[in-house]
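In what comes next, subunit A is part of two complexes: it sits with subunit B in the first one and with subunit C in the second one.
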Partner chain A sequence: MKQIISIELYKIFRRPRTYIAFAAIAALIMVIQFGLKMDGQSYAGFLMKDINDTLTVDGKVLNGYLICYILLQLLLVHVPLLVALIAADMISGEANLGTLRLLFTTPYSRTQWVIGKFIAASIYTIVLLIWLAFLALFASMWIFGTDDLFLMKSNYVVLIQEKDVLWRYVGAFVFASFSLLTVTALGFLMSSIANNSIGPIVGTMSAIVFFTILSTLNIPLFSIIKPYLFTTHMNNWKEFFDIKVDDNNEAIYGTILNLAKIKTSLIVLTLHIILFVSASVIITKRKDILS
Partner chain B sequence: MSVIQVNNLSKHFGNLKAVDQLSFSVNAGEVFGFLGQNGSGKSTTIRMLLSLIHPTSGRIELFGKSMETNRNQILEEVGAIIERPDLYPYLTAREHLQLFAKLRSKKITTSRIDDTLIKVGLLERAQDKVQTFSLGMKQRLGIAIALVHNPSLIILDEPTNGLDPQGISDIRNLIKQLAQQEGKTVLVSSHLLSEIEQMATQIMIIHRGQKIAEGPIQKLLDPNKMVVHVKTTNDAQALQFIMSGSFSNYLLKRTDGIHLCMPDYEIPLFNTSLVNAGVGLIGVETRNSLEDYFLQVTSNSN
Partner chain C sequence: MNNRLQAQVDPLIERVSQKLGLVNDYVAEGVMKTDVSFIKASLGKVKVYFKKPNLLKVKKEGGISLLPKGGVSVTINSLLNTKQYIALPAGTQEYNGKTLRVIKLVPTDDKLDWVISTLWIDPADALVYKTFTTTKENGSYEITMEYGSYANLGLPSKIIFAFNTKDYKLPNGITLEFGDDDPTAKQKALKNKKGKIEITYTNYVINKGVSNTMF
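And now, the complex of A and B:
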């Protein structure tokens, strides 16, 4: 299995396509950081225009932590599409290229190949997320400095002390890795069904868009299935930034308002990963390699 | 000892019987030529031997072990190329061999990789990416991948595809060398019948998924089965004569002129009879090649 993973990683990182995602993330983050650096005060003023009359905020609102939060809100919707570029091509791309025949005539079972490939694709996904974290969090902290994190929610504001922020980002990124691994597993499932490269990539993206729409639509009929859709849970990394308050409405250091929600989401996402990968194994094992 | 033993192997795709109750065996050290027209079931059979396609029924044993229960152990000792040489365009020839060497339990040294590259004539291009290779070079690299782990059984599906005459000759000599000097068992399918004729010790012909001929090549090409191509001034008259007499049993169903398959001792009598019947004889060409035999048996079974 170790050999399969190392070979698959070698192939992933020798392909030019792999670096598209890294370049795209870097370009997007740098553009946003540049824009906020140049005209960030106007942006902050716009964010706070509704509360300026009732609240005085001291310090650096537009700091690295807030920039990272803004970036994650924007990017964690799009990164799955970049993950799909690689994950959804792992099996079908080889079928299309004809190399699946070579792999499946080696002394490893198809189950070993599918799991090995999934682990390799997962490592790629994690590396991509680390790249995102490095640019979005650490580069922003370096460029914009740090201070307390001031977040505007739909009908309330959250103020998290500077020293209480960093671990929340660690938690958020770990959570995001589960979300992206679910996308990786979905891409894998699509990849095991098709014999061409484009179909599974488009299929994965379409499925994410489709289920995201179902997750966000407030129609009672869909409310029944919403808790079971992975897209409902993918963005719950934000829960790390909702904090418990005491009777004086003051934030309690080191707390998370709805930890149970995070746990539930992690369970649902993990179950989806297991389901998608198991289905990929079963489909690939049964498949006749005709390509 | 049988290296490959196939019993009643069938594969159905819906109503199509791609392979139908096929049985054969390949002994150690043999070069086994596997012949059949396009769509006859050759590749399906080879893919079943390599566990790429699940058989509908039947049993495959390699090295005396069931493929169903000992797949991984068996495939350690098998090297194969299947139809096209499909490779990773972004990797070099050496990287391909290194990657596939890693997948074997036995340690494959750098010198073994070099030796394999020399064997297929690719050492000088070892550092070049496959995307710069011609079809023939890809085919050579495919063969190198099949050989790098020094397998006992080599399965080559159309190994000379895309090769120039020199390349074809090199691969033919390589296959012969593998069998004669290194004791490898080789199952090779090819549409180049003259190539199979020059390297195979045993052949099998399948047609519409069924075996129609099998045996040592010298036995199949016996003098009692000479292929006679008759050129006359009036083919219609010649055909009428042949069909009306005892020679009708020898007539082959071919569209490219009049062909018969008959024992060599009958040929003089046939010539005389044809001339006596008033047919203007331009020439009689006699051959005993695998191609003729192949056309004979496949046309007879149509």
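And now, the complex of A and C:
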């Protein structure tokens, strides 16, 4: 299995396409960081308009932690599309080139190849996420400094102490890895069905866009299916940044408001990963490579 | 001169003023609690700097602090030390088992930020236990005080600023929280329009000098 993973990783990282995602993420993050560095106070002033009517906020609101949160909100919706570029090509790309026959005539079983390819694609996804974390969190901390996290949600504001923030980001990135691995698994499933590269990539992207729209629409009819859609759960990394309060409305250090929601989402995402990969194995095992 | 005479009309106000006059400056350490319906914040350590006649600054030791807009600076010191007011007696009221005298202050200087202030004073020890001040631009503030070991100087051990808050709502398009509505928080925000900032003082350093740069 190690050999398969090494071969697949070699194939992934020698393709120029692989680096499109790294470059795109770097470019997006740098542009946003540059914009906020130059004119972030106007942006913060706009966000805090309602609060400034009542309260005076003293401190470094626009710090690295808030910048990272803003970046993750913007990027974690789009990174799945970049993941699809690689994951959805893992099997169909080989089928398109005709090398799939060659792979399946080696002493390794089809199941071993599929699992090995999926692990390689997952490693790519995790490396991409680490790259995102490095630029969005650590580079922002370096550029903007750190302070308490002053988070403006739609209906309320959460003020998290500086020393209570970093572990939440660790949790959020671990959670995000499950979200992106689900997308990797979906792309992989699409890839196992098709015999060309474009179809599964576009198909995966379309599925993500379609289900994301369903997840975000507050229409009662869709509320029935929403809990079962992986896109509904992908955004729940935000739950790490909501805090419990006691009876005196005092925030409780080190707590998460809705830990159960995170656990449920992790279970749903894991089940999706297992389902998609199992389906990929079954489909690939039955795949006709002779015609 | 006329204003000064009018301010001295009420001897109780004069006693309070004399007591507060013993303190030229102080640096106080304390713990601040923010209780606003739409804000989830934890306790934070603060330092409060005061210098006569009416310079006051609350600084949080690291981190972000939230203070009522303009309200913290309208303290008893800033009301009485200016001497620019007319004191009007308004009877007595029971408050926490004490019979307090109620005195209304009306500023005689149009440039002052406050419009009217009501003080609840204990005539026995010349301590102000509660004030209600209406300002020109920052709404009304109720300040309640508790006293401890620094009562002889008129310095409270606990101070609570209560103020009106406005609605807080950001569109989901800005916060990117589509489908994340939290009805409980929304309901809570609508129910409670009062905000409170509590500062419990742990230590005072009095009349040791405070630089103007602190303000």
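Simple rule for what comes next: the second predicted complex is superposed on the first by the 289 of 291 C-alpha atoms of A that agree within 3 Å, B and C clash if a C-alpha of one lies under 4 Å from a C-alpha of the other, contacts with A are read in each partner's own complex, and residues count from 1 in each chain.
Note that in this section a contact is a pair of C-beta atoms (placed from the backbone, for glycine too) under 8 Å apart; a residue touches a chain by one contact, two chains touch by 3 or more.
These figures come from a predicted structure and were not determined experimentally.
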Applying the document's definition of touch, where does A:126 land relative to subunit B and subunit C: first, second, both, or neither? neither
Touch test for A:266: subunit B only (first), subunit C only (second), both, or neither? neither
Going by the contact rule set out at the top, does A:24 touch subunit B (first), subunit C (second), both, or neither? neither
Regarding the shared-chain residue A:105, is it in contact with subunit B (first), subunit C (second), both, or neither? first
Between subunit B (first) and subunit C (second), which does A:5 come into contact with in this model arrangement: first, second, both, or neither? neither
In the superposed arrangement, does subunit B or subunit C reach more residues of subunit A? C
First (subunit B), second (subunit C), both or neither touched by A:288: first
Tell me the contact category for A:54 with respect to subunit B and subunit C: first, second, both or neither. second
A:157 contacts which: subunit B (first), subunit C (second), both, neither? second
So in the superposed three-chain picture, is A:16 touching just subunit B, just subunit C, both, or none of them (first/second/both/neither)? first
Under the touch definition given earlier, write down the residues of subunit A that touch subunit B in their complex. 3-4, 6-7, 10-11, 14-16, 97-99, 101-102, 104-109, 286, 288-290
Hey, which residues of subunit C end up touching subunit A in the complex? 33-44, 59-60, 62-70, 163-172, 174-182, 185-186, 189, 195
Contact footprint of subunit A on subunit B as seen in their complex: 47, 50-54, 71-76, 78, 80, 82, 84, 86-88, 90-91, 95, 99-100, 102-105, 145
Residue numbers on subunit A that touch subunit C, as the complex places them: 47, 50-61, 73-74, 77, 147-148, 150, 152-159, 161-162, 215-218, 226, 232, 235, 238, 242-243, 245, 248-253
